[in-house]
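The structures considered in this document are given below.
Two complexes follow with chain A in common, the first pairing it with chain B and the second with chain C.
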Partner chain A sequence: MTVMHYLRAFKGITGRELLRFVHQRERFISALVRPLMWLFIFAAGFRSTLGVAIIPPYETYILYEVYITPGLLGMVQLFNGMQSSLSMVYDREMGSMKTLLVSPLPRWYLLTCKLLAGVMVSVVQAYVFLLIAWLYGIEAPPMGYFTVLPALILSGLMLGALGLLLSSFIKQLENFAGVMNFVIFPMFFLSTALYPLWKIQESSVLLYRLSQYNPFTHAVELIRFALYEQFNLQACLITLGALAFFLAAAVIGYNPSKGMMQRRGGPN
Partner chain B sequence: MKLPTLIACHLAMVLTTPAQAETIYVTLEKDNALAVVSGPEGKLEKTVKIGKRPRGIALSQDGQSLYVAVSDEDTIKIIDTDSLKVVGKLPSGEDPETFVVDPEGQLLFASNEDDNQVTVIDLKTQKKLKAIPVGVEPEGIAASPDGQWIVSTSETTNMAHWIDRKTLTIVDNTLVDPRPRACAFTDDSQQLWVSSEIAGTVSVLDTATRQPVGKISFKIPGVTQEKIQPVGIRIDPDRRYAYIALGPSNRVAVVDAKTYQVIEYWLVGQRVWNLAFSPDHKRLYTTNGVSNDISIIDLEARKVVKSVAVGQYPWGVAVKP
Partner chain C sequence: MSSNPALAIEELSYAYGPKKALDQVSFDVDTGQCAILLGPNGAGKSTLFSLITHLYDSRDGHIRIAGHNIKTDPSQALAKLGVVFQQPTLDLDLSVLQNLHYHAALHGIGRKEATKRIQEELQRQGMFERAAEKVRQLNGGHRRRVEIARALLHRPRLLLLDEPTVGLDVPSRKAMVDHVHELTRTGDIAVLWATHLIDEIHPEDRLIILHAGCVRAAGSVPEVLESTDTTSIGEAFETLTRRREAA
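Right after this comes the complex of A and B.
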């Protein structure tokens, strides 16, 4: 195995993912419409015109739509991670997964390539969303648009790895609805994406604890702080830890000899 | 520290600290205290007790003393800005809330809400000179920079009373919208702006004719009209923009001072009442009574930069260079 082989595999996998992305314009648009609906409709109904109380990284009062924007960036990435998990299941059903996995390159490498390809797509989506939010009047500090990039990459990787892990569990495409119900929604609602933690704590300590341990909360906070040119060490470490855990579990999950595919029978 | 960081730090210090340092004094109505905040970064330096229910505040011309209306002690206290100690008391009459020092720095005019009068105090002798009867519940008070007029607005009579600074008598009255809370002259003394709390409007009066020449109304999407209660007014020296504190709507309105059109609204803390410019007019400080903080607005970047907790019920604000 030479570096050339690794590069070729990387190019192949990312190329395929990008091609898919370019060809499925509807997917791109629908991925954008979802957070925009939250921004324009949900946030408008919830507007909290008299200002949201000050919590870091904000230094003054903000409108609800300003608060929700980093959360919606997280949402873009969460759904993107699940989308790539969906496409993994699809690949497996169609058999193209086999072509990938029979490659002599290490499995972790192949999965990481797949992950990176997904993250690239989600970062583009996130920036398009930020642009639309900016046109709507939600402005972050100019440098924030640069400082948010590493945060978006890291959170994208973490959520993509979660998607990979999930895809190793799902036997059939039809089961994906379960993922929506049991993973995406709880993750999204039990986080700081829509409301600050203190607000959740006011109504329920249990929900507050759950939100606190939700890696998505930390991904959102990482993005939120980065968008305001600040670094949240705790959120960063937890996101990194979650990424390592999900990726390792996914690599095991995709190992035919001990992984879930084997145990659950897998597609033939 | 690495060299580039070091250089950047020094550069930042050179660029920011000496030129713009200013001190912001905020009266805390419920804490019976004065908060001292260093600007422009907005760091609460200290809080000193000054008496029961302090409200109106103004800096003396030489910047050496502060006048603070200590309402529940029926006096206006003189506070040394260096030692923050009370160095004198003025006979303001009962329950002083707002007052103004004339441009020459000789006389102080305090409105006495319960007695329906304006008390005139000679600052040199620190004695009461006269009580001028005005309308019911006088509140807003302003002195024209040209030294010609003192205007008192009465909340129940709904009038602006024009007091001749020389004769200390009322020469004219102008009817304005319900509950005129505050008033301010433009720096050229040509206009008087009066905010009406219940009507939710600001009237612009021409000083020469003492008649209205414009009226400003406010509309904030998603905020009910009752919440829009204009109080504090600040107009920049070029008369380009005026800034109006809109009370419980938690907004400061930016108004084009020529066309009287609202340009935008800035979200600040809860129940914003009073405003003060920084000495260079590049920043605006607001007191937010219910959220117990002050907001710092960058007028060049045109946005609210920061809100700083200062204590309970911040009421008035004065800025010393």
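Right after this comes the complex of A and C.
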């Protein structure tokens, strides 16, 4: 297999994913409506009840809308990661996953390409959300819109890898509701997306600990700091570690001799 | 038997937990040969195909495609393999052309070369005029033709067909059977065709009869008839599968 072969396959997989994304306009709109509802309705309603003290990376008192914007960027990516997972399960049920898996490149590479394609889509969604937020009056420093890009890519990869791992476990599309209840909601609510860690600690030490160990918390913090032109090393390392773990587990999950593919009791 | 068959399977076994799906399966398929894998539902055909395509892995036995072991050298082995799965695997929302370019990219074929090969294969299938249409707009027979064109794009040494005629009308079925047989006569390719429909077999085909995970007979049509002391493939099939059930 030559380098050109790898590049062509990457182009083919990402191209297909983008084409599918363009064809599914409803998916794009609903991915945007969700965080915008939180921003326009939830944040506006809670503006006066939830006071946020001055905490890094902010240097002054901020409105609640400003605080939750990075969390909502994380939400866009979390849902996109799960959406990719859903489409992997769909591809498997429809059989098109087989086309990918019987091609002659290593499986880890094919899955990484698939992951990168999903991240490209989530980054586009995140920037459209940032544009609408900007029009609404939530402005980050101009350079922040550039420095947030690597953070969005890394957090998108981590959440996409989690989605990939979940898709190797989920047998049927119907089981996906469980993912919503047991993965997406706990990850989102037990994080710094909606409230800072010290606020959670005031209410419950247990919830504070759980939020600390939640990789989504660190993805959100990475995005938050990057949007304000700062680098959060701890958040970056934890997000990287979670990415490595989820991706390795997903590759094992899709490995024909070790993974879940053949434990399902027969060919499908 | 040639020294380097397009497909060589040696003592292959596979089980789902305690249930044995394949038991010591061995056979070869040579280039230019159309081998029909005949077996009733549940005989182990789909499991065998999942192992040949490396969707599953077995610890027992070996599979070699054009001399490459699927376990130790999967990239080279899969590069020589074209597959049409029982379940359609085209992306319905993409056009015929987009589906074929996607496949070409996965096999590392450059855009220019891919365009040339896609045109050739679609013309061969009489589908070139439909290239820009979405797959969703095509009927079952036409979708199958596109899948065959796709499976041949990277010029494989072995073409696997897993009950590809299921759900097709009689003329589409006949056209497909004739076309695949024509391929083995003219191309540098071997075909392994899984089916349970006896009328899809041509007299010059090689027959492999699989039942309850075991190869019950393998050889040319006259050889199988002689070994079972029967006069038709249907009769031979009945005898071999009934004998096992009675055992």
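By definition in this document, the second predicted complex is superposed on the first by the 261 of 268 C-alpha atoms of A that agree within 3 Å, B and C clash if a C-alpha of one lies under 4 Å from a C-alpha of the other, contacts with A are read in each partner's own complex, and residues count from 1 in each chain.
Everything that follows uses one rule, which is that contacts are C-beta pairs under 8 Å (C-beta built on N, C-alpha and C of every residue); 3 or more make two chains touch, one makes a residue touch a chain.
Just so it is clear, the model here is predicted, and its values are computed rather than measured.
Asks: After superposition on the shared chain, which partner residues are touched by A:Lys98: those of chain B (first), chain C (second), both, or neither?
Replies: second
Asks: Does chain B (first) or chain C (second) touch A:Thr60, or do both, or does neither?
Replies: In the superposed model, A:Thr60 contacts chain B only, not chain C.
Asks: Comparing chain C with chain B, which touches more residues belonging to chain A?
Replies: Ranking chain B and chain C by residues of chain A touched puts C first.
Asks: Using the superposition on chain A described above, determine whether A:Asn181 touches chain B (first), chain C (second), both, or neither.
Replies: A:Asn181 contacts neither chain B nor chain C.
Asks: Once the two structures are fitted together, what part of chain A is touched by chain B and by chain C alike?
Replies: none
Asks: Quick check: in the complex, which residue numbers of chain B touch chain A?
Replies: 220-223, 227, 248-250, 267-270, 291, 295-296, 304-307
Asks: Which of the residues in chain C come into contact with chain A in the complex?
Replies: 16-17, 21, 46-47, 49-50, 53-57, 59, 74-79, 81, 83, 85, 87-91, 93-94, 98, 101-110
Asks: Which residues of chain A touch chain B in their complex?
Replies: 47, 49-51, 54, 59-63
Asks: For the complex, which residues does chain A have touching chain C?
Replies: It is residues 1-2, 4-6, 8-9, 11-13, 15-16, 19-20, 23, 94-96, 98-106, 110, 255-257, 261-262, 265-267 of chain A that touch chain C.
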